[in-house]
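To start, I am sharing the structure in question, which I have written as structure tokens.
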Amino acid sequence: MTIRIGVIGTGMIGEEHSRRITKTLTDAEIVAVSDVNLDQAHAMIDRLGLDATVYETGQALIEADNVDAVLVTSWGQTHEEYVLAAIKAGRYVFCEKPLATTAEGCQRIMDAEMAAGRRLVQVGFMRRYDHGYNLLKDTMDAGNLGQALMIHAAHRNPTVPERYVTPMAIHDTLIHELDTFRWLLDDEYASAQVAFSQKTRHAHSEVRDPQLVLLETTRGTRIDVEVFVNCQYGYDIQCTVVGEEGIAHLPEPQSLTLRQAGKRSNEILQDWKKRFDDAFNTELQGFIHDAQAGALKGPSSWDGFAAAVAGDACVKAQESGQVEPVSMPDRPDFYR
Amino acid sequence: MTIRIGVIGTGMIGEEHSRRITKTLTDAEIVAVSDVNLDQAHAMIDRLGLDATVYETGQALIEADNVDAVLVTSWGQTHEEYVLAAIKAGRYVFCEKPLATTAEGCQRIMDAEMAAGRRLVQVGFMRRYDHGYNLLKDTMDAGNLGQALMIHAAHRNPTVPERYVTPMAIHDTLIHELDTFRWLLDDEYASAQVAFSQKTRHAHSEVRDPQLVLLETTRGTRIDVEVFVNCQYGYDIQCTVVGEEGIAHLPEPQSLTLRQAGKRSNEILQDWKKRFDDAFNTELQGFIHDAQAGALKGPSSWDGFAAAVAGDACVKAQESGQVEPVSMPDRPDFYR
Amino acid sequence: MTIRIGVIGTGMIGEEHSRRITKTLTDAEIVAVSDVNLDQAHAMIDRLGLDATVYETGQALIEADNVDAVLVTSWGQTHEEYVLAAIKAGRYVFCEKPLATTAEGCQRIMDAEMAAGRRLVQVGFMRRYDHGYNLLKDTMDAGNLGQALMIHAAHRNPTVPERYVTPMAIHDTLIHELDTFRWLLDDEYASAQVAFSQKTRHAHSEVRDPQLVLLETTRGTRIDVEVFVNCQYGYDIQCTVVGEEGIAHLPEPQSLTLRQAGKRSNEILQDWKKRFDDAFNTELQGFIHDAQAGALKGPSSWDGFAAAVAGDACVKAQESGQVEPVSMPDRPDFYR
Amino acid sequence: MTIRIGVIGTGMIGEEHSRRITKTLTDAEIVAVSDVNLDQAHAMIDRLGLDATVYETGQALIEADNVDAVLVTSWGQTHEEYVLAAIKAGRYVFCEKPLATTAEGCQRIMDAEMAAGRRLVQVGFMRRYDHGYNLLKDTMDAGNLGQALMIHAAHRNPTVPERYVTPMAIHDTLIHELDTFRWLLDDEYASAQVAFSQKTRHAHSEVRDPQLVLLETTRGTRIDVEVFVNCQYGYDIQCTVVGEEGIAHLPEPQSLTLRQAGKRSNEILQDWKKRFDDAFNTELQGFIHDAQAGALKGPSSWDGFAAAVAGDACVKAQESGQVEPVSMPDRPDFYR
């Protein structure tokens, strides 16, 4: 049974996902599209050659009879509303991060989903599907490293636009690490601290960059993450797990080694979409197959909530300069 | 339109391909299966949960009304017969290497295909679909290396079974390199030479191992390939292109870097199926989509023929110890 | 003119240095030896075939007429006394770290040296002579990285003995980093913080291990150093400088790449003496030549003092769990 | 006892060696200098601040009473004459490669040395003193790789001057590999073959470049060496030993890893002098200490002869395009 998907939000990531569902993945098709800009929705349909209906509102799309699952790739402020509507309509929903812009919004989604009685929501934390991170998790889960004592990580972007302000380093950038480490460690955060260095001359006036985020988990793993969004040289994701029995480094993306012009070099990617292209494929294919099987297994509303709670603590720590506690409620049995 | 595929030969590679078509790829389904061992054919159907008919002969499968395309993954000796039958029946056919066990057999296939008036045959040279090799080809085609002057390569297997004899180092092992270099260089071979080293103690009595194969192309690129099928340590494919303007190395497969027990290490794969798993996916997905579009673009009968001609020269060179010419006829316009 | 050296302390490092002066370096000879254990002093003379006098006390050795320069490689508690005596006697003195066990002791040495009117003291911060660190400093000084924004570092030992307690992670281990970063950055520390992770099961009861030391410099460079002295796998020194215009990593020690037993691997050293063997040679040869020229240029008493002050702040931070200021007085002109 | 050295030939390598003897090494001093260009000899003495006598002829220098050992760094054509004179005068002599320009010349030197009754000659094959090559040899000698089956190597220079003609690729370039492999393998060559590829556009008209040299040893190790003296990008020496039990790669020279401008890169050296700077130090220090001890242990006249014989076969193979035998006489007991 092919999963019939409705897409809300036809911006860059919405179109990317629509293209992969149509051209690359199996067992799903785009049957409905919606965007605040209807022309953009029609244009995407044309570009991808879809046989899909355009809806004037996300709400209408969600309620369409032939929609089995909804992809929420609209502006972050609207995610909560669409996810809640999808839950109400009994649709599976894949929501790009953030699940909601506040922890309270995530809580409302969890409440609705628990009331619905079954998992309907998957959050777009694609790193859990990246081959390299899975090698790391596999070796950790196999016990090869012993207890994880520290993680050293970096999240670097070549540049960010003028509208990017300091808290976005948490909500838009670090959010992927906040989910990834919870998943790698199978643990929750206990505290957060942020230390700013001297600012790079390449950062515009509204963003303090780079910064070092320090996290502690409930079991005592210490994590440091360099967030550097104007590093100039490329999009570069680093992760090293220091364990009792050894240390593992996330692999670099595959590239040619060149010997040329006095250097032995490997290209560094510039674009996060390329970095996680395979992960996006695996993530969405998993969602489709889980929807077929009637049981979602990917990152849940709880995962979206946990990242939001940790993110709030990090933003508070950016402002206070202090160690801030991360206050996680108990995990509902529903999400175990 | 979903491509309906019949599979002839349900050994390891036949089942691997059937699984990927069923579980991973899009736009195709297995509708027919045949094997000299009918029980094995039924067992595969059960394992994969296929809705497919079992045919007593490959011939009957090829002629089945609901078969759009045929996958030939049977014993190499039978390839020619099935490919010819598929051409006769107007079916697209994907044939694992070798296309035929002799250059003459390949010629008969080309004659039949040209008589049929359109490309129906794709040969299973999966390395053309490997990400790393494509990075190499892209940089060469972009002119970044200038003219390719030399290629240094290695094809290493941990071990081979008792039945593996010296000419198989060419026909079963080197054959992939013989295709890959033609494709990378867009050139044909002019001569071949084989030099045996002292034999490894790990080789059984019927195989001389390792050996160094030297190839020259018509434009004067010099190629050396170490073929070492009892290297013990892993399945390892190396390729370095030496150009006028720089040198490029095929990437290693992605793996964790570990610091443990006095070593900084990366795992080396043991299994060629894992090494080229993604390439197999891309290769077969391409075949399916090309069959949908009615125009095959992958490795052709000509490519199968060219590899066979070069392979014959290499085997002759194994025996003679001399530089042997590779006599390629002109390429028919049909295959340009 | 050959520099005639007296060695106080014939333990492991004392004998190593004596051997290198005798067998490897030029322009110096060991003429005098002293140790609390006179038998050990005689035994070293025999092993190295030295033509040297044994003195009962370091004081007597320092005052010997034929001693141009003194090497202090005795127990750390005795360093201050011998260095002060050497200054008083007008001898050049090379003192292994620590210069003194307290910042006050270092201050007394600086006072005596300034009173003597010329630099007589060099501290054994050998990393400044390591080829890899010099590559790093050269590229920084050339401006290739722009301003240094962050440093990520690690200092890992396979194991430590039972007598190693938590503050020694600062005074004995981190002390090298404390000097190195000052030198790399040409900056002083402003604050220190220490975060302990969950303790490794390989640490004995008296040491908290590993720990993350966070330093900030007066110009705002942020530094994190993992100190992990029971990492099991080897002696491993990592240093990455994150600059505005790029990032540089300290090279790994040179080693073979092996392909064997399913791994592509490089050996990791187990012993700090091997890691910095070349650096020790360069360091001592520099001291000898500077003594010949009558003008010391290596790490000074001020450098020993600065490391001690920063170390004290780190130990305080280990205890308090807080960010502790590093209070450095103004640098005397004498040490500019 | 300081070894008093006379230097014949004050070109680049002569001055480099004189500088290292004077500034870096221990236990030797330059007391005599000679050059066909007397002004150049005086200029070097001034630059290095030597207290040395200038002799009008190498012959006079060799006969000087205060000369213990002679360094022959003059033009290759003159080596034989000076080495023979040094043997006659009973001086230790360190001769840069080639020992003589013909195998016959090397034979005459061996005859003279054997007549003198003790080893007086060391040939400047500095790679035997390179740290990386020694790691390779150590692992081979320890049996970690089992029997050496193949060696893959490359010798690349960025460019060569107009006067560099095709046979120089053997006599001036490959000669180092010809010695190194004999030493690594403890074996002699049995045959040589040379295959030219398409010529690089960067080679001037008198040199065929690159070329692939194939060697076989008496025990059946197969060696391929790419000699590429206009590779443009740097001075690059590669060596991989393929053994029965594993494979080892010569380390790259130590360098920073940089992340900058879209690349992760390491600098490649441009200059062979820098590449083997440490090896030159170790080589000459060894010669000095062996001369002190009265027993040379470094590369001998036999090694110079063996390289010359193999080189002659390679040049013949360049011309014939055939496999050429390497005819080595039995090794005299004197050189065992």
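Labels A, B, C and D are assigned to the chains in the order they are written; within every chain, residues are numbered from 1.
Just so we're on the same page, a residue touches a chain if its C-beta (ideal position, glycine included) is under 8 Å from a C-beta of that chain, and two chains touch if they have at least 3 such contacts.
Here the structure is a predicted model, which means the values were calculated and not measured.
Visitor: Any idea whether B-D or A-B has more C-beta pairs in contact?
Guide: When the contacts at B-D and A-B are counted, B-D has more.
Visitor: Using mean C-alpha positions as chain centres, tell me how far chain A is from chain D in Å, no decimals.
Guide: Once rounded, the distance between the two centres reads 58 Å.
Visitor: Starting from the mean Cα coordinates of chain B and chain D, work out the distance between those two points in Å.
Guide: 44
Visitor: Distance-wise, how many Å sit between the C-alpha centres of chain A and chain B, to the nearest whole number?
Guide: Chain centroid spacing, chain A to chain B, equals 38 Å.
Visitor: Hunt down the residues of chain A that sit against at least two other chains at once, touch-wise.
Guide: Expected reply: 232-233, 245-247, 259-261.
Visitor: What graph shape do the protein chains here make by touch: line, ring, star, complete or other?
Guide: complete
Visitor: Looking at the complex, which residues from chain B come into contact with chain A?
Guide: Per the stated touch rule, the residues are 24-27, 131-132, 135-136, 139, 144, 245-251, 253-261.
Visitor: Within their complex, state which residues of chain C touch chain B.
Guide: 232-234, 236, 252, 259-268, 270
Visitor: Which bits of chain C are touching chain A when the two form their complex?
Guide: Those in contact with chain A are residues 146-147, 149-150, 152, 154, 195-202, 210, 212, 214, 216, 219-222, 224, 226, 228, 231-233, 242, 244-247.
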